[in-house]
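One chain, chain A, appears in both complexes that follow, with chain B as partner in the first and chain C in the second.
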Partner chain A sequence: MKPVRLALTALMLLGLSACADQGWNGKSIEGLMPELEFELTAETGETVTESVFAGRPVAMYFGFTHCPDICPTTLARLVAAVRRLPEPLQEELQLAFVSVDPGRDGPQQLADYTDAFSERMLGLTGTQRQLKALTRRYRTTYGYEDERADGSYNVSHSSAIFVFDAAGEPQLMLLDSLGVAEIAADLEKLLAERAENADNA
Partner chain B sequence: MSEFLAFFVPWEFSWLVQISVWGALLLYFNGLRKTPAGELPGYAPIIGFVLGVVLMYLVTQTRFDYWSQYMFFVHRGQHLVLHHLAPFLIALAMPAPVLARGLPAGVREWFARQAWLRAAWVPIYRWLQQPAIACILFVGLIAFWLTPEIHFDAMLNVTLYWVMNWSMALDGLLFWWLMFERGRGGITPRLGYGTRVLLLFAVMVPQIIIGASITFADANWFEVYAVCGRAWPLDPMTDQHIGGLITWIPAAMMSVIGALVILRFWIYDDAARNAARPAAARA
Partner chain C sequence: MKILSGVVLVIALLAGALWWVADMQPAEPIEIDNPRVRLVPGGAPMAGYFTLTNHTDSPVRLVSAASEAFDHVMIHRTVVSADGNARMAHQDDGVLVGAGETVEFKPKGLHLMLMRAQRELEVGEAVEIVLGFEGLEPAERTVVFTVVPVTSS
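This part shows the complex of A and B:
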């Protein structure tokens, strides 16, 4: 397995320039990272795994509900992009918000937050160990600032939206430099490909 | 105390690094034990070698590696150690004879019998150690891994990340080995001292350009650290500025220090030759 992966990586390296041009606005992460796997607490209070998405494509974002600017604007752009998709495709995509600030984000807080954006958005969080396992799997991290006098603190986290296909394979990274139209185009392309594959099968 | 110990837990445990580092230290100490008293290398090279190897370990198999993955300027520091500082110290210590002595006699004899291995390896090694190729590799690897798109993928993929760090460490060893070659002749080409100083200058200029470009860039070139999240909240541009400065100033300084070391070799050689000449004339 290892040598095969190394050879594949070397090939990928050679083909980097080719990879950049697959018609995505976001960044293709196909083959760069392992498939989706986690154990977290959902906004309902239940412990869930990746099977909670029931084989649907997922757009996942890491953040925290007290996030002053980046999280709300990114999530708003994501939701706006989903609204631009044709009706049947909208239904297919699952949205997920993973809070890396479990100290402040309990299930209720998460549910209130995600519902404000979309009813199809699932809020998730977990213990530090569970969150570290998931973020590390996607080579991202998060960190906390020292608490200020009023008890507030800033949290560093990934700024990208990770998009997984129905099988949980990572497909795309939507960077925060993308606009609503670009995100919508990428999501439509991804979901349309899935529809095509389903037709062929 | 527990935080201090936690620093030494490898973020990504690598058998290859562990075996290489501990293997090198073991070979070296075994070699020292077997070296006749008259040929012992002295304290400075021993300390230099051990320090170089330990530094490589510390930046790849501790908490430092975590910070390197999630903070651009720490990553630049990691490469400064892997590509400049640690190989500089190791090559300056000229550990090859001691390491060879450290090998068990059976293994050494086996290697001696494999003529094909030497026949295959020596031409490749000598090809890599041509002045122009050595310079292109040294600067080219820095530029290659700092190309934003390539840097992005390297930070996202575990295998690429390790290929990147190993390539920096191995190339650092090749380059500084060529710079500090002296003493009894081996398979490393022996360049003139003037040539070496020129090469050090030749690699310094592009490094200054790369480092200064990053430092003065007004756009965030290395988005991957924002994408992946930083180890702690730090302004992305501040991170990039510090990273640029590390790529620029200490890296260029290593060329200057290297040149000073070579000038010292040069002066000593000249002095030795001048001392030998009148003696020969008298005889």
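This part shows the complex of A and C:
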């Protein structure tokens, strides 16, 4: 086969596999995981549950503030994607950063960190029991590596963004390989569908 | 006509001179492009990124990094496993750059892990970081990094 034809075939196959997932760039998790439910401490210091999002769709990321590389990169992409959405849709989406490192991420630390990305990003953390309950619910894990001599340590965590609809039903997992345009396309599709459903209701 | 040929002659001479000067300059053995520190608020570690090109005909190895602006600097790589979990791996052996090769320190990959800033940094500020190499003379290079916003790549 000629290289050009080979490339075209590969492109077609890629297109097909994307279509198989209902046109999402991310991974659809609709119906595969339970609805959003948690009890955590917000960056305000208050104990909150999923009702803190007041029935808005949520994009949630698990990380820690002492993560200089992948956490800011992913959060910055998410925020850049949201900025590409039509204005009314931007307002609708709630962003959430759940720190799985409560030892270092107190409310003030979380507030400073999330404010650097977006005023619509809420920082959350909790006890190990609370964090385990939430991460297990979405089949993800986190763990702590050995402390260095200076007391610092690394934390392993999920690299995906979990997107929930207004009812707290899980919808999408945005994998770390997605770029800003791909994330924006998924968020717009998800939020536009919600607007349509609201109109029909 | 006379003026035109005069102009052409001057341009040709200038071009020749420039070419000669460029040729006389010793080629930099290593080149570091776009060095930047991504500012993270709240005293958490920051990441340093750059592109490193080895112009020599033998491999060089980046083995250390230090800065007066930070208490401690490590060389890390972010690794995302098949199950989507992310972690950072300390590069115990440093980073090898083959002859003529380029290695990129960039988001979600290799980065300088800059621990505990010794003073409050601001976007646009310059921060010196000393990179230490094996296979290079002199072994240390002071590189001026620019502080960029946390939302930049």
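Keep this in mind: the second predicted complex is superposed on the first by the 181 of 201 C-alpha atoms of A that agree within 3 Å, B and C clash if a C-alpha of one lies under 4 Å from a C-alpha of the other, contacts with A are read in each partner's own complex, and residues count from 1 in each chain.
Everything that follows uses one rule, which is that a contact is a pair of C-beta atoms (placed from the backbone, for glycine too) under 8 Å apart; a residue touches a chain by one contact, two chains touch by 3 or more.
Computed from a predicted model, the values in this text were never measured in an experiment.
Engineer: Taking the superposition on A as described, I'd like to know which of chain B and chain C A:112 touches: first, second, both or neither.
Structural biologist: In the superposed model, A:112 contacts chain C only, not chain B.
Engineer: Just to be sure I read the superposition right, which of the two partners does A:160 touch: chain B = first, chain C = second, or both, or neither?
Structural biologist: both
Engineer: I'd like to know which partner A:44 touches here: chain B for first, chain C for second, both or neither.
Structural biologist: Once the two structures are laid over each other on A, A:44 reaches no partner at all.
Engineer: With both complexes superposed on chain A, which partner does A:32 reach: first (chain B), second (chain C), both or neither?
Structural biologist: Once the two structures are laid over each other on A, A:32 reaches chain B alone.
Engineer: Taking the superposition on A as described, I'd like to know which of chain B and chain C A:79 touches: first, second, both or neither.
Structural biologist: second
Engineer: Could you look at A:127 and tell me whether it touches chain B, chain C, both or neither (first, second, both, neither)?
Structural biologist: neither
Engineer: With both complexes superposed on chain A, which partner does A:135 reach: first (chain B), second (chain C), both or neither?
Structural biologist: In the superposed model, A:135 contacts chain B only, not chain C.
Engineer: Kindly classify A:150 by the partners it touches after superposition: chain B alone (first), chain C alone (second), both, or neither?
Structural biologist: A:150: touches chain C, not chain B.
Engineer: Residues of chain A that sit at the chain B interface in one complex and at the chain C interface in the other, please.
Structural biologist: Common to the two interfaces on chain A: residues 140-141, 145, 154, 156-160, 175-176.
Engineer: Applying the document's contact rule, which stretches of chain A touch chain B when the two form their complex?
Structural biologist: 5-6, 9-10, 12-13, 16, 20, 27, 29, 32-33, 62, 135, 139-145, 154-160, 173, 175-177
Engineer: For chain C, which residues count as touching chain A in their complex?
Structural biologist: It is residues 38, 40-47, 71-72, 76, 78, 80, 84-88, 107-109, 111, 113-115, 150-153 of chain C that touch chain A.
Engineer: So in the complex, the part of chain B that touches chain A is made up of which residues?
Structural biologist: For chain B paired with chain A, touching residues are 66, 69-70, 149-150, 152-153, 155-160, 163, 223, 226-234.
Engineer: If you look only at chain A, which of its residues touch chain C in the complex?
Structural biologist: 65-70, 72-73, 76, 79-80, 108-109, 112-113, 115-117, 140-141, 145, 150, 152, 154, 156-160, 175-176
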